[in-house]
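I'd like to ask some things about the structure below.
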Amino acid sequence: GSGGGSASGDPVRLLVFGAPEELGAYRTLAEAYQQARTGERIQLIEASDRKDLLARLATSVAGGAPPDLFLMNYRFYGQFAAKGVVEPLDERIAASSVLDPADYYPVAMEAFRWGGAQLCLPQNVSSLAVYYNRTLFTRYGVPEPTAGWTWNDLVSTATLMTRDDRGLVIKGTEAEGAARLPAVHGLGVEPSIIRLAPLVWSNGGEIVDDPDRPTRLTLDSPAAREALRNLIDLRQAYGVVPSDAEVEAEDDESRFLNGRLAMLMTSRRATTNFRTITGFEWDVAPLPVYRQPVGVLHSDAYCMTRGSRNKDAAWRFMEYAMGEEGQRIIAATGRTVPSHMGVSRSPAFLDPDQPPRNSQVFLDAIPTVRALPTVSTWPEIEDLSYGILENAVHRGDKIDDVIRELDVKSRPMFARGENG
Amino acid sequence: MRGRARGPSPLPERAARLWRTLGAAFVLLVFVPPLLLLVSGSLTEPGLPPSPTPQLVPDPLSTTGYERAVDLGGLLRASLNSVLVAVLAVPLSVLVAALAGFALARIAPRATTVVVAASLVALMVPATALLVPRFAIFRLLGLTDTLVPLIAPALLGTSPLYVLVYYLAFRALPADLYDACLVEDLSPLRTWWRVALPLVRPVTAGLTALTFVLTWSNFLDPLIYVYDRELFTLPLALRSLSLLDPTNFPVFLAGAVIATVPALVVFALAQRRFLRHDDRSEG
Amino acid sequence: MLTPYLIGLVGLVMVPALVTLGMSVTDYDLLRPPTWAGLDNFAALLDDPIFRVALLNSVVFALVAVPLRVLLALGLALLLHRRAAGVGTARTAALLPTAVPEIAYGLLWLWLFNPLYGPINQLLRVGGENGLTAFGRTPPQWLTDPTSARAGIILMSLFTMGETFVVLLAARRALPRDVYEMAAIEDATGWDVFRRITLPLLAPVLALLAVRDAVASLHFTFVPAFVVTDGGPPPYATTYLSLFVYQTGFEYLRYGYAAAATLVMMLLTVAAVLVQWRLIRRYRRFYQL
Amino acid sequence: MSEGLVLDGVSAAYRDATVLHEVDLTVARGELLVVLGPSGAGKSTVLRVVAGLEPVTAGRVRIADRDVTDERPGRRNVSMVFQSYALFPHLTVVENIAFGLEVRDTPRRVARERARAAAETVGCAGLLDRRPGQLSGGERQRVALARALVREPDVFLLDEPLSNLDLALRAEMRTELRALHDRLGATMVHVTHDQTEALVLADRIAVLRDGRVEQVGTPDEIWRTPASSFVARFVGSPAMNLLPADGPLRPRGDAPTLGEEPLEIGFRPEAVTLDAAEGTPATVDRVEVIGEDAFAYLRLAAGHQVVARVPAARRPERDATVRLDVRWADTHLFHAATGRRYQL
Amino acid sequence: MSEGLVLDGVSAAYRDATVLHEVDLTVARGELLVVLGPSGAGKSTVLRVVAGLEPVTAGRVRIADRDVTDERPGRRNVSMVFQSYALFPHLTVVENIAFGLEVRDTPRRVARERARAAAETVGCAGLLDRRPGQLSGGERQRVALARALVREPDVFLLDEPLSNLDLALRAEMRTELRALHDRLGATMVHVTHDQTEALVLADRIAVLRDGRVEQVGTPDEIWRTPASSFVARFVGSPAMNLLPADGPLRPRGDAPTLGEEPLEIGFRPEAVTLDAAEGTPATVDRVEVIGEDAFAYLRLAAGHQVVARVPAARRPERDATVRLDVRWADTHLFHAATGRRYQL
């Protein structure tokens, strides 16, 4: 049965999503929990991706049978938070003998506060980094990126690393119809607002007018404009990132895996996948810097639904999952940077035997990390901007038009949005 | 006309036959390659970079994809569930469709018009519009997180289209045959079972196959109504495989092959029915 | 005998559909109780550029893909309805793509369409140099060029006309034989037989299938757009109404708004069906059906 | 005699075209009524109305003393041979024949046995395992007949059950039908366009014309005292000759006293004598030979045509001039205006 | 005369059952051949083979001096009436009739005009806008006939085209057919089971039995000198009487000299005289009256049966004892073993 009473016999239902390996980790977590606490039962509801999870969550809430817990990125939880679906946890946290909020990175905790209340508990605190193919760098004799490198360093490194199949430096802009295609690209970066944001911030600009109550995108400021310009130039001027056709043919992650991408700007999430690499050595470097180092937050949290009929049991599981043991189990996948400070500094995360050797980069970035706004219409805004930015990078739309289009089209979305 | 010979004409047209064979070969040439590629892709070793040249026989040939697909996706369990759903839903669905189509062909034209119109409208309703209210209904009945919601569409004949197809097929039977049944005092149900249904056997074969595929590949319904991993059906399992990293494409393709094979078998069986129909000149 | 079907029809389609359509005059986000919104949603739809693009995409798709699908299915059914060597295999082959579960099918094409490694373009490049076709043209950029992407989705939908094919095959095989013998004696050409006998006799089934295809075209754009192109290439080259409704309803949680779009979509299909019906009527009068 | 079947003022229509106009017919229990009539007269419609396959627009139908007007077909306990046979294409011959029994829950073995016997009766015993599509036209018809005969209903309705059979077989079937009828004492309505069949088989004949009953009577009555010139001409082949009573031909013998109104005089080809000493002269237009008989088509002075039957051996030549004669006793008189028989 | 249609040793089979065995038939150009035979003899199959709808397993088919054995049906320039009519259900009567013309690119107006004329010929002018489903059986058949007659092919193939018509209409159609045939000089093959039709219509008759040609000849030959006892009995109704030559009946007149082997003696009912002074005694079993004629079924001493035609007015009573007689001149002799005609 679905509805269930408040009978404690019902299992706690946890809605998560992820690729099969990731789901495997959650299964391990649930089993470990049930092992550790006899009598507790966890039922995993497995969605395969965010869209699936959203659809499931929304239908089940609307249909009156929500899961007890769900896992959600802060960029997307806004719409649930705003609509009162999520149970505030402050009282439980206060009453808990297990959980101490101080154990967790505040930036992540903060991202899940809505209207002054702590709604969810972040499981991880990942950030962006630049993965690079050390072997390639060694082969071509190009210096590896180092902490504190600038955008210009990034561009010149990427340019040097863009090579044809004879190993000669080549400019990828003439790729289409030209004599030869780059065999190795210098850099891969998604033209999305999450990638753009830290660059803008680093340059002293802002993404939105008011991070708490945003009403518009502010990419028209000179600082933001410059960062955007530079991002577009990666393709349009320097040709160091793959063209859209090349991306469609082989996405950046596979390209990196296949040894044909020198650097890739992405989050901690890619680590698991890259650990399967055997053909070359790789490592991570921090984001390049304009004026000051800034990172962008990637974080998922456990949220409890207000409609849950099993809140106490759900809370007990949350305590476990957020506790050291739970964090360690998830961290072992390599996919996350644990939000628990202690665990994040432990070998569970920093394990020197596992690449990247330089995982410390992620921890170092945490103090500089900023969160994106959590307005309830943020998913729409991201989808919108992704399309526009993609065209800007690959088709070379005029930057003024890009900025205007982003602004004009996103305004009604902001207007419809609700803020925490 | 009434009671005349049916089926293909036996005209001795060797040339026409040859043309048809050529046409058939062309059809094969167009329709088979994607599937062959699917199979060949599934036999590729996972984790290798894509080959820049076409390869029909992958090198190295590997079944790792299948092993991992079964492992990661829980495909065995999912297959069982899918089979369970299909075994219950497909016969029920064909039954409902055939009965309803027959009833439509025999009841007063007025009522037929109404039901046919309603069926057409039902065809127009997008599946997404039904998810939430149906969820609420199933929850009221306490049926979420069971396989029942996956079987329930059988009540519709899976798609109102199938009911309408049956309706047209039954309507096309010679009126005299129905009259003969009336004279023999057959109840409508027995007329359906003993006369009408056997006469539209190819339709039944075809629709059974289609119903099976539709049920078999139903993705949206299980996504919404099924929570328990133990109850996952193949498309859901496949869906999770589809999120594997691109280099694991063979794993996913292997899953796809596993999910496709039963549907193929059913199609091949149904197609045999068509052929057998050929062998009998009916009058 | 009709009862189970009627229960299904009313309980599983009519009532849910009415509930959803009822939501179109409310502001409903699935999470909080709906609030009355009158015609606001419809007004907003009018202004929504994405909706307009999606609408246009869907209409274009229906206008191109539906006739192609039905024609292809009819052609195959007529080609393969009689026995000859290889025909049985060909029938199964024509049904193959339909047998592949939707998701797998989408992902299969994602691979087939791959601009560099995809078998389609690899084939097109045979005989050419430097990634060009033998005619010195760039092969279609299936997933990045809007026109090619739309063509790609149509191509995908063509391969799954198995359902239409099966139904037509069964219908063709049920046609009386002596009538065809008569036509043979009259030395009616293939075209005459087709136009004057086969077509009118199949007309009811064809009409039904065309209506159904027009209606369903809104649905079969869903999985391809969802899995293969994700509505892209940007901005919204393959965002069809079905995807639009799904996204607004389930990703952006604007269910009321999505319901309004659904209503518009259904009204459109009703209009399309009526137009078709009229066309067929004219046709039927011509053949005195 | 108790009644087997009664049509009481029955009208029936397809769409808005009325095809039966207040038909009254009574068939006694155990009687064999043959319905005769030209193509399109409504013969099949009469059977369909009796079977309940067409609704009546007026009137009542009674079968075996029971008003069945509102009963459904299955409840009327009739069995029927359809003009188009209506065989079930998916069943073999024996299954087709046994169908009516099996659906009435006769044990399968018994049903098959009786079906086999019925097939024997109609001479289809060798075809039991064929399907209708593999039969010749006449074989199908015989199967259809067997299917009707295998049961023992209140009324048999046979719509041209022998039309596709050759003469020999037809004669045989006719005998079988008659024997069966006598054995079962069954009420039968038999539609045919074959007058030999009608005359030989029928207890009584009903002649239908444009949805109206023109005459009902024993074969002898129909032949000897046709109620109208239509019946007179319809029964008999070649048809009865009809001439104006004041026309070129004066029959021999004592003329009856006739009234004022215009009359027509009718006589059968068999009644004509050629080469009478003082007959009316005529030219031979054409001669048809049918075995031992020949039919001479003669043209009289005023352009009137007369057919005469003569022995084939003594047939006149074409274009020859002959003298023909009939006796008053062999003539029929009809009102020229209405075609009704003139009562002396 | 040049040849219109030739079947030269044609065999045909359904699956493995051979239904035509080396059939040889020659129809002269402009000749009307009637094919007669019992149900299932293969008459329809002959037509289907000529039309090209069934392949031959041996032999050749020639139409109008052209070998068409491997030609497809449309190229043979024949028109055909199917026993099952094969009307196009979706076309109206006039469209059905005009079909053959229209697909041959006759201008629509002309085609319709000729279709209307053909409908007129068969008496369907009032039904032009109906669909086949709305016609009575006979009306359908007439439409099928009109459809065949509207064209002017090398050969007309008519498969029982009149079987569902009443006698009067049939006589009329027969005349129309004959007239049409004479006007067009068309080659016609006409399948029927109606011997009157055969005898009246045919230039020559082919009698088919079990897929073999039993006899081909003019109506007169078929009637007067049947090649076998089968033909003798098949043509004529009631069938010719057959008795052992050394049986109970001794014909009058000069007996021919007969050989040793057992023979059968045949004579038609018309040849029997009753109440001859010194005839063979017989009992009247049953009497059938058909109009002016009556048929008396007589039983001879040894249990043999004989049918006699007598005028209805002078028919014997049932169970009466009569004396019957035939003349040697009216008899036929057949070998008892093979049934072949005994050559004197």
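Brief remarks follow.
Residue numbering begins at 1 within each chain, and the chains themselves are lettered A, B, C, D and E in the order written.
The rule we apply is simple: contacts are C-beta pairs under 8 Å (C-beta built on N, C-alpha and C of every residue); 3 or more make two chains touch, one makes a residue touch a chain.
Here's who's who by UniProt: B = Carbohydrate ABC transporter permease; C = Sugar ABC transporter permease; D, E = ABC transporter ATP-binding protein.
Keep in mind the model is a prediction, meaning the values are calculated, not measured.
More C-beta pairs touch across the B-C interface than across any other pair of chains.
Averaging the CA coordinates per chain and comparing them to the mean over all protein CA atoms picks out B as nearest. Remark: subunit C and subunit E have CA centroids separated by 58 Å (rounded to whole angstrom). If each chain is reduced to the centroid of its CA atoms, subunit A and subunit C end up 36 Å from each other. Inter-chain spacing, taken between the CA centroids of subunit B and subunit C, is 17 Å. Residues of subunit C in contact with at least two other chains: 30, 114, 116-117, 176, 178-179, 181, 184, 246, 249-250, 255. Annotation for subunit D: residues touching 2 or more other chains are 84, 134-135. For subunit A, the set of residues touching two or more other chains reads 55, 58-59, 62, 250. Residues 1-3, 13, 18-21, 23-24, 43-49, 52, 55-56, 58-60, 62-65, 67, 250-251, 253-254, 257-259, 273, 276 of subunit A touch subunit B in their complex. Those residues of subunit C lying in contact with subunit A across their complex are 29-32, 49, 114-118, 130-132, 138, 141-144, 232-236, 246-247, 249-253, 255. Residue ranges of subunit C in contact with subunit B, taken from their complex: 1-2, 4-9, 11-17, 19-21, 30, 76, 79-104, 107-109, 111-112, 114, 116-117, 119, 122-123, 159, 162-163, 166-167, 169-171, 173-181, 184, 204-205, 208, 211-212, 215-216, 218-219, 222-223, 227, 242, 245-246, 249-250, 255, 258-259, 262, 265-266, 269-270, 273. Subunit E meets subunit D in the complex at residues 14, 36-40, 43-44, 83-84, 134-139, 142, 159-160, 163-171, 193-196, 199-200, 219-220, 223, 233-239, 268, 270-271, 288-293.
On the subunit B side of its complex with subunit D, the touching residues are 1-3, 5-7, 174, 176-177, 179-180, 182-186, 190, 194-195, 198-199, 201, 280-283.
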